[in-house]
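Before anything else, here is the set of structures, which you'll find just below.
You will see chain A twice below: alongside chain B first, and alongside chain C after that.
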Partner chain A sequence: MDKNFIKIKNGENIKVNQIPYMEFDLFYENVLQLALNGYSIIHYFAYNDNFQTRLIAVFRKQNFLYIATTDAPDEYQNLTEKSIKFHNYERELAEEFAIKTINHPWLKSLRYHSNFLGKTDVFGNDYSNEIPGNYEFYSITGEEIHEVGVGPVHAGIIEPGHFRFNCIGEKILHLEIQLGYQHRGIEKQILQLKKSALPILIESVAGDTSIANSLCFSEAIESLANVEVNEEYEKIRGIALELERIANHVGDLGALSGDIAFLTAAAYYGRIRGEFLNILLEVCGNRFGKGFIRPGGSKFLININQRRLFLNKLKKLKKEIIEIADMLFNNAGVLSRFESTGIIETDIANDLGLVGPVARASNLFYDVRYDLPTGIYRNISIKVATEKNCDVMARALVRYKEILHSLDIIETLLNNLEGTKPNKNINYSLSPNSLVVSVQEAWRGELSHCIITDPDGNILRYKIKDPSFNNWIGLAIAMRNEEISDFPLCNKSFNLSYCGHDL
Partner chain B sequence: MFSIIKNRIKQGYKTSKYPLKEIMLPEKYRGLPSINKDCEKNTIITCAINCPTQAINASEQSLDLGRCVFCGLCEEISDGTFIKFTRNYKTGASDRRQLTLYSDDLKDLEISTNKYFKKLFGRSLQIRQVSAGGCNACEADLNVLNTPFFDISRFGIQFVASPRHADAIMVTGPITRNMKNALIRTFEATPDPKIVIASGTCSISGGIFRGSSEQLNGLDSILKADLYIPGCPPHPLTVLHSLLKYLGIIKS
Partner chain C sequence: MKSLILFLTLIVLAPLFSAIMLKIKAFFAGKKGIPLLINYYTLIKLIQKTSVYSISTSQIFQVGYLITLATTLTSLLFLPFSGLPPLLSFNGDIIFVLYLMSLGKFFTLISAMDTGSSFEGLGASREAFFSFLAESAFFMVIISFFWFDEKLSIASYFMANNKINVWNNYNFPLPLVGISLFLILLTENSRVPIDDPATHLELTMIHEVMILDHSGPALAFIYINSYLKLLFFSSFLTLLLFPRFGLDNKWNIASFYITLICIYISIGITESIMARFKLNKVPKFLVITFSLATFATIIIMGFAR
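On to the complex of A and B.
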């Protein structure tokens, strides 16, 4: 089935002319067959090469990536109707490259910006008008139906997005999520930036995922530049990525408690999250790990003193995390709100192409660290945390299990550090006419960067796919037939990125 | 119930004594930079050329904190001979021009307290936060001010759900094109008199996004800010210190 695709490993670089080219009709048929037969989409995007727009599809099955390419038509019969996984990718194609997908069941603007090519807008939008432009939100009519609109400015300190609920009484029939408010034009800006600014921009794609993004970027660059990374740096990177995961997961458990007014756990976990950010601060001078990881290695190392200090600190924190979890997960009030709320059945999660803790809570077994390991993850055994109940409780439990597992990983890695010198900025040049796909398990799930270079070794296309790109639809589906008062809780159990999606 | 009480006793009292007792940030923390103007010219020029956000002016030997993302590249390139980041977290200022740093004599940036605002809001400031293209690092570290360690509400400062309840709006992010109108409407919905705060380097100058056509290079393009808090993101202490100083709760 995948014989028309080139099979490569995570982070392996190939020449663009090695990518199998198919005529569009054949490509269409092949891509559809893979999507329908258990291959998941990592990328499906367009790029412009010498005035020719090309399509690239990157799939994953088990431990390998499968890639093929074709020339992009101006329009084609949509794939979304046949496999729902394509729905956002096809919206993106329309928005970025004005490729119209005919009869797409719901072709709408994803991020609300004019296309990259200066072509006639597919949506008929005039972008001097306000978002969502030439688009009527989905609405349901009938007696006692009402709509609730929330955002872009929300009640808490969070990023902007617009939620529109179609309700009957308290019950949500459908939730429409309109994003794009955070769109900063990152994919376009990357192509104009000087080398020294690139890592900074990558770390600002999503600040809460700075480390994972910077790791994805660094591994992609290293692959294209043929740079070897010392194992000591790989360990440091592993520690950094797991710290980021723990900090965010602990924060999420706290926020989930806060949303059901179980304030004791909210306060404790809220503070403990800070302890992990402070460890990052002590190592690299920034609480979010900005400036920590760079192509070639890492800017900072952990010395013997710090190692001892952190090991003690982590041991204490682990104990506290477990004690609070015992209190949280055994409280009847908590269980009555967490259990059976916001269910996404396994097959639906699979059809939608969900990733990360959200997918694992719906009993889908996929963790990039296990399935597509790079760096230090090739040497350590990863326990993939899954749950069967598919609800808010399951999503909380997956996070809790992952926190404990990450703590163990960090402990192992800390104990195995040797203590070498940090590296300075390496000077790299990228191999020309090449492509690399780099995938990491960020705390929200599968994060991937794909870089294509031109004949001079400059970046021709930089595609970023945040796990939130896959998962926002999951939140909308989880809300169906739930009460509107459960929205904050469900939303928090997904805790998706607005800026990572909007780019 | 039993475990709640047990946990409560174990957790104890975690709120810091700040501002009565100073908090020392770790050695690696990159705070207010000190500038050595006697540094070799070529080094300064190399720093300026490589600075990701063009924050360094080589001919004036100055650094614009409003553009700096505190990445530490200049310190690394100059090996600390031109710029050295200190542990001083007090980087907030009420005048945009003050954010341009010249010489190496480190002094706290000034935050002038408007007497009228101090009288009005000195004991109670309600803030509406608006994210307009922020990468969520600024937002996340503002949320931290509500955790028990900082406990910002002990100073009468609260983040509120509606601009109608607010005395101040605190803006993060470079102001995306798609958030411009929502931001202006939030500002208009906030009753007078009101304070505008630009928190984080992006909201002051656009930060790393400066120049991208999808954003507006910071808040000053549409609103006049009363308080600027640089940082990428600013440490929660930086924000807390700036607010307390602006309200006159901390004296100079």
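On to the complex of A and C.
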């Protein structure tokens, strides 16, 4: 089935002309077959090479990536109706490269910007209007049906996004999520920046995922430049990524408790999240790990004194995390809120192509660290945390298990640090006409960067796919037939990124 | 005279009592907590601002909160604090007070509807439904009191020569009524586990969402109303619970204050250790409240007379 695709490993660089080329009709058939047969989409995007727009599809099955390419048509019969995984990718294609997908069930602009090619807009939007909103929302009519619009400006300190609920009484029939308010044009900015400024932009793709993004970027660049990374740096990177995961997961557990007014856990987890961010602060001078990881290695190391300090601190924090979790997960009131709320069944999660803790809570066994390991993860064994109940409780438990597992990983890595200062290679040039796909397990799930270079070794196309890009639709589906008052709780249990989606 | 002084002191202290609750919650969260006078600071801050009214609202929105505050203040006049004679009293006043409170709630509801916001409509519909259930429970409490006293006056229930106090002999069903009243208190004052006064999530709010459009002095009056309403329900419960030391004993007032503060503290503790109910569980909770009061009434009918 995948014979027309090239099979590569995570972070392996190939020449663009090595990618199998197919006529569009054949490509269409092949891509659809893969999507329907258990291959998950990592990328499905277009790029412009010598005035020719090309389409690239990157799939994953088990431990390998499968890539193929074709010339992009101006329009084609949509794939979304046959496999819903394509839904957002096809909307993105239409928005970025004006490739119209015929009969797409909901062809609507994703981020509200004009296309990259200056072609006529597929959606008929006038982008000189600053405020997005020139589009229809899905609506339901009938007696007792009412619409509730929330956002884009919210009451809490969260990012902008518009939620449109179609309700009957307190029950949600349908939720439409409209994003794009955070669109900064990252993918276009990358092409104009100096090499030295790139990491800084990459770290600001999503502020709470800066380490994962910067790691993904660094590994892609290293692969293209054929730079070897010292194992000491790989360990440090592993520690950084796991610290980011723990900090965010702990924060999420606290926020979940806050939403159901379970005060103690909210307060304690809120503080503990800060403790982990402070460890990052002590290592690299930034609570969110900005400026920590750079291509070739990392800018900071952990010395012997810090190591002892951190090990003690982690031990204490682990004890606290377990104590509070016992209190949280054994409280009847908490269980009655968490259990059977916001269910996404396994086959639906699979059809939608969900990733990360959300997918694992729906009993999908996929963790990039386990399936597509790079760096230090090739040397350590990863336990993939899954849950069977598919509800808010499952998502909370997956996070809790991952926190404990990540603490163990950090402890192992800290103990194995050599404390020496290895050489690093900072001068690099990218190999020309190449493509690399690097995938990382960010704390929200599968994060992937894909870089294509031109004949001079400059970046021709930089595609970022945040896990939120896959998962927002999951939240919309999870809310169907739920009470509208449970939306904030379900939303927190997904905790998706707005800026990661909007780029 | 004594009654008037006590009445005024309690009104002035009401925001402080509410702050005690916040302190307790902060203690459970392992925090130092905000200053005890925070509510006064907030009121002063709000009163110095100007109210902004949405252009989609009518006059009802601008007088609604005043009527609500007036009804709550009037209701407080009927309470015999610490067993001293109330400022106002007549036979049947308990029914009057109950409907006065409902009138206040009615104006909160239509003020919320007046804004035309979809959130406030949701909140109003929830509040109306839950208050309706809480009201029936309160009526059952009054029915049980009526079996003791055969009068419909708060003063006659709780004044010095009372029968209705948990510390009196043969009043063993009264703790049940006390629990029922405490649950009604939580519901009527939008406390956890029914509602969460501290949340910022509009979609989950019941009471807070109805006041989203108020600002400045209007919001200050709404806050005052919420302190006073909590004071009303807490005092009502205190009258049932506080230990007395005979007629005209000066210790009665101390005992009243201590019990009142204990009730605020127990609200704080409840809020700290419980998670909020799922919204569709709230009616079941209120039915339990009603059943407790009914059960107490049945026992009183059979044994206590």
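One rule holds in what follows: the second predicted complex is superposed on the first by the 494 of 503 C-alpha atoms of A that agree within 3 Å, B and C clash if a C-alpha of one lies under 4 Å from a C-alpha of the other, contacts with A are read in each partner's own complex, and residues count from 1 in each chain.
Please note the rule applied: a residue touches a chain if its C-beta (ideal position, glycine included) is under 8 Å from a C-beta of that chain, and two chains touch if they have at least 3 such contacts.
These figures come from a predicted structure and were not determined experimentally.
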*Considering only touches as defined above, state whether A:I473 meets chain B (first), chain C (second), both or neither.*
neither
*Go through the superposed model and pick first if A:A261 touches only chain B, second if only chain C, both, or neither.*
second
*In the superposed arrangement, does A:S485 touch chain B (first), chain C (second), both or neither?*
second
*Kindly classify A:F288 by the partners it touches after superposition: chain B alone (first), chain C alone (second), both, or neither?*
first
*When the two structures are overlaid on chain A, which partner does A:S336 contact: first (chain B), second (chain C), both, or neither?*
second
*A:E170 contacts which: chain B (first), chain C (second), both, neither?*
second
_Which partner chains sit in contact with A:V153 here, chain B, chain C, both or neither? Use first/second/both/neither._
first
*chain C versus chain B, contacts on chain A by residue*: B
*Can you list the residues of chain A that touch chain B in one structure and chain C in the other?*
155-156, 264, 267-268, 271, 331
*chain A-touching residues of chain B, taken from the complex the two chains share*: 3-4, 6-8, 10-11, 14, 25-26, 28-30, 50-53, 69-73, 76, 85, 128-144, 146-149, 159, 161-163, 173-174, 176-179, 181-182, 186, 202, 207-209, 211-215, 232-233, 235
*Would you tell me which residues of chain A are touching chain B in their complex?*
111-113, 127, 130-131, 152-153, 155-160, 180-186, 188-189, 192-194, 196-197, 200-201, 204-208, 210, 251, 264, 267-268, 270-271, 273-274, 277-278, 281-288, 290-291, 299-300, 320, 323-324, 326-327, 330-331, 424-425, 497-499
*Using the touch rule from the top, collect the residues of chain A that touch chain C in their complex.*
146-150, 155-156, 170, 257, 259-264, 266-268, 271, 331, 333-334, 336-337, 341, 483-489
*chain A partner contacts - residues on chain C that touch it in the complex*: 25, 28-31, 118-119, 121-122, 192-193, 196, 198-204, 271-281
